[in-house]
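Shared between the two complexes below is subunit A, which has subunit B as its partner in the first and subunit C in the second.
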Partner chain A sequence: MNGKYFIIPFLAGMAYLFLILIVRGIRWISGLSKIDKLRLFQSLKSGRTLKSLKEAFVEGLLHRKIFLKNPVLGYMHMSLAFGWFLLIVMGHVEAMVAEGSLSVPFYMPIFFRYFKTTEDFPLARFFSFMMDLLLLFVLSGVGLAMLKRFKKSLFGMKRTTRLKLFDRIALTSLWLIFPLRLLAESIAAAISHNGSFLTSGIGKILSSSQHIELLNTPAWLAYSLVLGFFFIALPNSRYMHIPAEILFIFLRNSGIRLKKQNTTYTDVQVFSCSRCGICLDNCQLSTAGIRDTQSVYLLKNIRNKDLDDEHLFNCLLCGKCQIDCPVGIETIDLRITQRIESTRQYNSSYEYLEINSSPSAKVVYFAGCMTHLTPGIITAMQKIFETAGENYWFFDQEKAPCCGRPLMLAGQYEAASKLIENNSRQILASGAQTLVVSCPICYKVFKEDYHLFNMEVLMHFEYIRRLIDREILQVARSPQRLLYHDPCELGRGMGMYKEPREVLAMTGTLVSIRNEKEKAYCCGGSLGNLKIKQEERDMIRNQAVNDYLEHSPDMLVTSCPMCKKTFARNTRIPVLDISEIITRNMLSPGIPGLTESKECILEEEYI
Partner chain B sequence: MKDLDFLTSTPSRQIDYEKFDTRLLDSVLENETSFLTCMSCGGCTATCSAGNLTNFNVRKIGLMLRRGEIDQLSVEIEKCMFCGKCTLVCPRDINIRNVVLLIKKGIALLKTENILS
Partner chain C sequence: MMNKPRHIAVIGGGIAGMETASRLAQAGYKITLIEKERITGGHLTQWSHLFPDSSDPAIVVSRLSSALSHQNIKVITSTEITDISKNGQYFNLKSGSEMSLNADAIVVTSGFHLFDASRKEEYGYGLFDNVLTSADLELMMKNEKPIRTASGKKPRRIAIIHCVGSRDAKAGNTYCSKVCCITGIKQAIELNKRLPECEIFCFYMDLRLYGSSFDGLYLTAQQKHKVQFIRGRLSEAAEKPDKSLQIKAEDTLSGRPLRMDVDMIILLVGMEPGISHNNFSRNGSVQLDENGFLKCKDVHAARNLTTQTGIFMAGTCICPMSVSETLENARSAALEVINYFERKM
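Showing the complex of A and B:
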């Protein structure tokens, strides 16, 4: 076997790849905090390993999430990943059977038809058929991948990411691996007059040429070379996502999360991004012509260490990309963490904050800055509290600090903590059991970052729901068709889709649309984006409004003052907050029937 | 004569255009041109949550920025709570939140370069 040297490129590539993977794996795991290492260790001992393995199989090989998005795109990914995986597994079984031993050299199955020219082992025809079938399966994926490069729309994608040098090398090698394997196996089949339906057919065509034997080693060498190229390009290309994603699944399932600062968990997520570009399609920034700040580019910028503020802060933080990401990368947390790192130097200390005495009350109402810009909501809330005869304290009626969430969205976590501390003290001093907020931006920070002990935090519609359930408030149904707009912070941010709809359903008919709940639009007003121009915000808002108008609702309802204010700038559709809808449909005790007509609602307060 | 006390009791606020420090202003304008359209109406100041708690004044921030009074600005800008109300009420649609972020960033940069005490 003097021609055996052709496997050297493959072996060299493999050795390089494994070296890099081992170095990176050790660096990533050792870079985790002590507690995270413990988490990983604990989870490996528990049943979560099975869960992770299952997830790695279902997502990493079968690509379930991509299938759900688009079956053709899913098939393309599955045929490449799962097909190749099966080729390797089946190849090993075949080699083991042929050699009659469990230990065969690991390169043997890869170049099996070169080394084994006879079919004198059990089930040889079956293996031969299966290997051809699997190769065809993978080749169909390669064909689709090539087609996708030229015609994305067939795969339900509008855009795809731009490639850099190593990506191109890796991509070209990957595309060539399987056609070259087919060629090499066909030549081998032609020489030894065997092979199954695919290789024997092509082999017969090839055997018509003379000196086919001379082409055998060069063909296998070419196959070995592209394998080597692919392995060498892999660590510096987007295909690094293949090994990184497996580690990512294990880390995520062991409960490791990003905690306001970069750790190697950031790197694992960054390298897990396959740059498939699925996050680009639903990103509303594209509507406004912003095409270089989306999550895939953020991850790329972090990986290339060339992230600047203009890109980092130009994101609505609406969370759509996180829902869409087939790998499950925490795009929002990742971006906020980068903002925290970027603004660490200039956190304010707010020394002017002072603790004022708090009156005692049963319920504290925190309207928040945004609600103060939509006084209609405050009036509605006050009316509700008064009708319910609630002993409440309007914390920020005159003056109070911001909740801290806008600072967090801007990455100034330490500064936000000062406001949180001050607010917590005052709210707790009231001795209240319940905190009611009318703004999802505040709600998220109160729920996630405040330590209010036994005090419960309620969105205003949850509080209203309780009043209705206890028959303290009574609302009448009107024939109005209401379309509910899910605020990002409440929907994708806190997972509250059902609760506001249940309350709204008591007052009117809900219009259901395709782009709602997890797929809901961002209104464009987001405090998460610090760079976007007003005209661009308008475009994003109009995208949502245009879709809403197609369902001709009588009223657009939301539960976020920011969304309300943003939509109110577009006068084509009347918009109200849930609390306002409730007060308008509220039955005063003893006086049955609706008190206000639709016209009344329309003329009121659009700021 | 008492009416003329201000001539001696307060330091001069005269601006020397030769020594005018435009570094910060330039860096802000480079990334946020909308600031050029500010007409100092004061809507931002009226709505400001931080201004409600202290003497923080967004309009004056703009003034200090234009005058290059970086020392004073670096103290005042600390008070902003980033709530974003100013940006929402601005009749000229100026992205004030970004202006504040750029000022903070610019000052931090000047500080690390030891130009500012």
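Showing the complex of A and C:
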């Protein structure tokens, strides 16, 4: 076995890679908060390890989620990852059988055909057939990957990510590994007259050349070199996602989440991004020509430590990328956390906040800033409360404190906490059992960041639903075709898709479209984007409106004052809040409210 | 002069169309003036006073109307032009399938339409009883109705809100409607004359008083009529149980948020391109500018020429203008049409 030295590049690359992985693994796990470490430890003891292993297999190797999105793209990822994995496993089994031993040097299967030239072991023909088949499987993936670089539309992708130096080295090496392996194995097959359908076939063609033996070692050296290059480039390239994603799956399944500050969990997520670019395709910012702030770029910027405010704050926080991410990265919380970290020193003290006395009530109504900008919704809510004869307190009728969510979205966590504390105290002092809000932006923060003890927080349509179920409110059905627009904060943000639709279905016919629920558009009005221009917002809104108009609804209905306001600026389609639809279809109320017409009240007095 | 008098169609019977038509008729051209409403006179028939001299717009309209009774002018009312096409030498104008006529040239004087204040829902127009537009107030004064709240009370405090639908990217209009600032001052003075006890506040971003006598009027409003000016855009209005209104704004001169209760709000609505512009621009013969008004062939040298030879324009279909500017502009359009035919001969 002279000339065995060709395996040195491979060994060196492997050693370097493992060293880096071990160092990073230790750093990442030790950088978790105490409680998160405990979580991880607990989950390793429990059955969740099995779940994580299964997930690592299904997502990391088979790429199930990518498959579901696009079968060709899924096949490409699977053939590379799962194919290579099988090559390694099958190669080891083959080497073990050939050597008749359970312990073979780990490099042996990688360069098996170099070391083993005879087929004098059991199932030799089967193994060589399988190895050829698997190599073909991987090569088909490499071929698709090359095709994708040059013609991405075949993969249902409009765009793909830009590469930097280490990515290029890693990518080139990865592309070369398997063709070079094929070449080396074919030369070996030509010399030893073995190999299966693939390698022996190519071997026969190659054997026509004179000094084929002279090419053997150089070919294996080239193969070893690209492997070495790939391993060395891997930790500094996007392929770091392969090991990082496995750790990420284990951490996530143990219940670890981002908690408004960066820990090494941020790093694990950042490194888990494969930069597949799937998040680019549905990002509506692209509609407005904004092409460098999407999640994949955010993650890259965090990793390269060159994130600036222009990019950090130019995002609608609509959550589409989080739904689409095949790795399951918390793109929204990651971005908000970066915002919190970058604006820590600017938080307002809100020293001037005052605590006013709260009247006692059964229900507290909080309209929020956005509902105050759409007084039609307030009028409708007041009418509903009056009709129901509800003992309610309109908390922010005159003085309007903010719920805190816009500050949260801007990363002003501490300032938001001050508002939250102040509001909580006043709301709780009313002794009410129920808090009703008419804005999903408020709803999300009340549900997630307020501590209101036993008090329930309801979106207005949940409250309305309750009144209808108890026959306190009666609504008539109209033949109107209603198209419901899912607000980001309520839909992807809180997972509420069914409830508003059920209420709407009581008053009209719902029009169902492809881009709804999880796939719903952002209206473009988002409070989460602090950098976008008005014209860009308009483009995003018009994209949604154009689609909606194709279904020719009589009315666009939403449950978010911000969305309503945004759509109302485009005059091509009438838009109403769900509460306004209800008051329009309300049947003669039992108790005439303040907002009833004067004639009605006069008539009652007359009688 | 000419053997056969040329025929010109003037689209829009507001003051721009009336002035253009009468000037061209005097010069010997045959004119057909087409107005979509029942009567000519346009928005001016709804106004009560003209700035800066507080004169009656009816005087302007009646002078223009009598000039229309010229033998060369034919007036068609209640007719809206829906299509224009070029047919060799002629332009063909259609109103649905009812009317069709040919003309050697066209003057578009289709004017503006008022910003729909309900699009700024936060101001509560159409929702709250005591929120009016400047046009509503103008009509109220024209009909000599006393200024009262919806429940018939004398208002004690009125807020006049500038720039509603103008210079507002969120409302879709980034341009200035030019005449609202001075209209606001004029209306504040008129309100003070009728309601001397009432406090009047104008909420403005900045006052664009471009006319030579406008600043004088601004001083008069403050000194003689006690109108108070607050620099700050209104953020929102809310109706209270007694139907009075709470408004929120930022006083940007003192840098403080401001909350105020008022009995009535007047929204100074801006000018938007007339809806009928779409009819002219649909087939691409006449182009629109970035704000949706008709585009000039040359903003300096050919203000009355559209991008289509033979189609001229005058008045507020070009951009927001005051009454006097509109009339000047109409005369200039008439001159351009005359030059066009004289060059052709």
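By our rule, the second predicted complex is superposed on the first by the 588 of 607 C-alpha atoms of A that agree within 3 Å, B and C clash if a C-alpha of one lies under 4 Å from a C-alpha of the other, contacts with A are read in each partner's own complex, and residues count from 1 in each chain.
As a working rule, contacts are C-beta pairs under 8 Å (C-beta built on N, C-alpha and C of every residue); 3 or more make two chains touch, one makes a residue touch a chain.
Owing to the predicted nature of the structure, the values given are computational and were not obtained by experimental measurement.
Participant: Evaluate whether subunit B and subunit C can sit on subunit A together after superposition, giving fit or clash.
Facilitator: With subunit A aligned, subunit B runs into subunit C, so clash.
Participant: Of subunit B and subunit C, which one touches more of subunit A's residues?
Facilitator: Result: the larger residue contact count on subunit A belongs to B.
Participant: Touching A:375, do we find subunit B (first), subunit C (second), both, or neither?
Facilitator: Once the two structures are laid over each other on A, A:375 reaches subunit C alone.
Participant: Is A:565 contacted by the first partner subunit B, the second partner subunit C, both or neither?
Facilitator: A:565: touches subunit B and subunit C.
Participant: Check the residue A:534 against both partner chains and state whether it touches subunit B (first), subunit C (second), both, or neither.
Facilitator: In the superposition, A:534 contacts both subunit B and subunit C.
Participant: Which holds for A:349: it touches subunit B only (first), subunit C only (second), both, or neither?
Facilitator: first
Participant: Just to be sure I read the superposition right, which of the two partners does A:402 touch: subunit B = first, subunit C = second, or both, or neither?
Facilitator: In the superposition, A:402 contacts subunit B only.
Participant: Between subunit B (first) and subunit C (second), which does A:410 come into contact with in this model arrangement: first, second, both, or neither?
Facilitator: After superposition on chain A, A:410 lies in contact with subunit B alone.
Participant: Given 3-11, 21-29 or 57-65, which one is the stretch of subunit B whose C-alpha atoms run into subunit C?
Facilitator: Looking at 3-11, 21-29 or 57-65, the stretch of subunit B that collides with subunit C is 57-65.
Participant: I'd like to check the shared interface: which positions of subunit A are touched by both subunit B and subunit C across the two complexes?
Facilitator: In subunit A, positions 372-373, 398, 400, 534-535, 565 sit in both the subunit B and subunit C interfaces.
Participant: Across the complex, what residues on subunit A touch subunit C?
Facilitator: By the definition above, subunit A touches subunit C via 372-376, 378-379, 397-398, 400, 534-535, 538, 565, 568-569, 571, 594.
Participant: Which residues of subunit B touch subunit A once you look at their complex with the stated criterion?
Facilitator: 31, 34, 47, 49-50, 52-54, 78-85, 88-89, 93, 95, 97-98, 101, 104-105, 107-108, 111-112
Participant: Touching residues of subunit C toward subunit A in the complex: what are they?
Facilitator: 116, 119, 121-122, 124, 127-128, 169-172, 235-239, 241, 246, 248, 259
Participant: Help me check something: in the complex, which residues belonging to subunit A touch subunit B?
Facilitator: 309-310, 313, 343, 345-346, 348-350, 352-353, 369-370, 372-373, 398-402, 406-407, 410, 412, 415, 419, 525, 527, 530-535, 565
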